[in-house]
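Some structures to go through are shown next.
What follows is chain A paired twice: with chain B in the first complex and chain C in the second.
Right after this comes the complex of A and B.
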């Protein structure tokens, strides 16, 4: 009974110009791991908000720009990343663990104990 | 004739993505560098010129800076490297729901203005952002001529 999270990657709020960070999402028996690319975001400008129902990753690109610079190419066109997901109840959002290094966020959300897969013994009647 | 040969089944979204990019280019009307490739290359690049330098910002998260090769040859800047995948090997115990992050080798090529000085380049990697600053030659700087 691991497949109970069909509603997980549902993005919301896409009104103002923000970048959608690319993600990898992996589930195993004990939880879900989310990797997100947020290059140019220093640690203090990253906000990861988790509550029982949703996960929001937000980051602001911040680095020193020289004065009097004319942009000749801008593939990154907004200074902010944002992406939200809805979570399902078997995830234990109180025990999240986040690591942010070189612009990559790794967020681990474990499952609550009783949601981990259990083999059901089938008795012969 | 064999459309599936060129657009493998299941690639509909990639195709829509390409279409929307083509449309955008149509409306933007901006000329595109011949080496730009398809939009969305890795790392994404922002480039700016100042009177004294060319500033290149490459958005390359999660790359070991020791393994990024930055080279200037004949006025062309090449950024090359490799990024390992964070996904675990496929197994029946693991479900992968999203796999959007680039993995594998990458290369971006940028042509630089004529007056750059390939001997004065500074590259730093921080927060997943590679910043390459290339000075322009002093003799190419605008200089105010004093009138006596």
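Right after this comes the complex of A and C.
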């Protein structure tokens, strides 16, 4: 799994700035688990797009800002997160599983059957 | 030949200097959001994940302070944390947010491939623009964002003083 920097699909490319969410990726024999910190993104504003070759995580930050308030300090500038990855062919993207809780996305993508290491039973003859 | 290399070196050092200056400026601007994570009181390493990647000790927890004539609202990003992981105090004219981000105690096994999210305990001090009634403050935590609403001790529009430059 490698990060994609430039080939963001044209229809999702916008001029507004995006934040790159930090991620953790853990790989084991049966698949990968991706964690991404997306604070401020409600569940209905999170989009995880997976196809055979790529994974794109996109989230829109929702503030629910009361009107007529002055920002004294505003560190959050970009209103959305986006990060794309190219996926290895050994991952089975049809069987992803995503959980989103407290602003953290957990995404599990299993490996296809033939990519998993197999234990070969040796029988003593 | 050697002069070409010297020029190259000089160019490189010029570039490096400007990168460094830029970085220092970014760092100064974001210094408040850059939060150090220490080893927490609870588990800070997932038990079954191996690999050489070090755990990040700095995390970016962006915050906003906004106010109207009645209240000051502070928002801090706290991804992966819920109400029970956070502690809030008003000390002097600052809101102190302490918390701890834990690895979920699940059965993740394997090797680190990318490691960018900071875990552990942190403490953030957020200066408040005016005195507040801490005992009437309300806090909520949703989608990884903490929101604290603090009524002003003396209601009034945000004050601004115009200074004359002589």
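The definition used in the following text is that the second predicted complex is superposed on the first by the 101 of 125 C-alpha atoms of A that agree within 3 Å, B and C clash if a C-alpha of one lies under 4 Å from a C-alpha of the other, contacts with A are read in each partner's own complex, and residues count from 1 in each chain.
By our rule, contacts are C-beta pairs under 8 Å (C-beta built on N, C-alpha and C of every residue); 3 or more make two chains touch, one makes a residue touch a chain.
This structure is a prediction, so every number in the text was calculated from the model and none was measured.
Engineer: Is the arrangement of chain B and chain C around the shared chain A a clash or a fit after superposition?
Structural biologist: clash
Engineer: Is A:40 contacted by the first partner chain B, the second partner chain C, both or neither?
Structural biologist: both
Engineer: In the superposed arrangement, does A:124 touch chain B (first), chain C (second), both or neither?
Structural biologist: So A:124 meets neither chain B nor chain C here.
Engineer: Please write out, lowest number first, the residues of chain A touched by both chain B and chain C across the two complexes.
Structural biologist: 22-29, 35, 37-43, 63, 65-66, 68-76, 102-104
Engineer: Give the list of chain A residues in touch with chain C in this complex.
Structural biologist: 1, 22-29, 32-33, 35, 37-43, 62-63, 65-66, 68-76, 102-104
Engineer: Please output the residues of chain B touching chain A within their complex, sorted ascending.
Structural biologist: Result: residues 33, 39-41, 43-51, 53, 55, 57, 59-63, 86-88, 93-102, 125-129, 131 of chain B touch chain A.
Engineer: Residues of chain A touching chain B in their complex?
Structural biologist: Residue positions touching the partner: 2-3, 8-9, 22-29, 35, 37-43, 63, 65-76, 101-104, 106.
Engineer: Mind listing the chain C positions that touch chain A in their complex?
Structural biologist: Going through chain C, the ones touching chain A are 30, 32-33, 46, 49, 56, 59-60, 62-68, 72-73, 75, 77-82, 108-118, 126, 129, 141, 143-145, 158.
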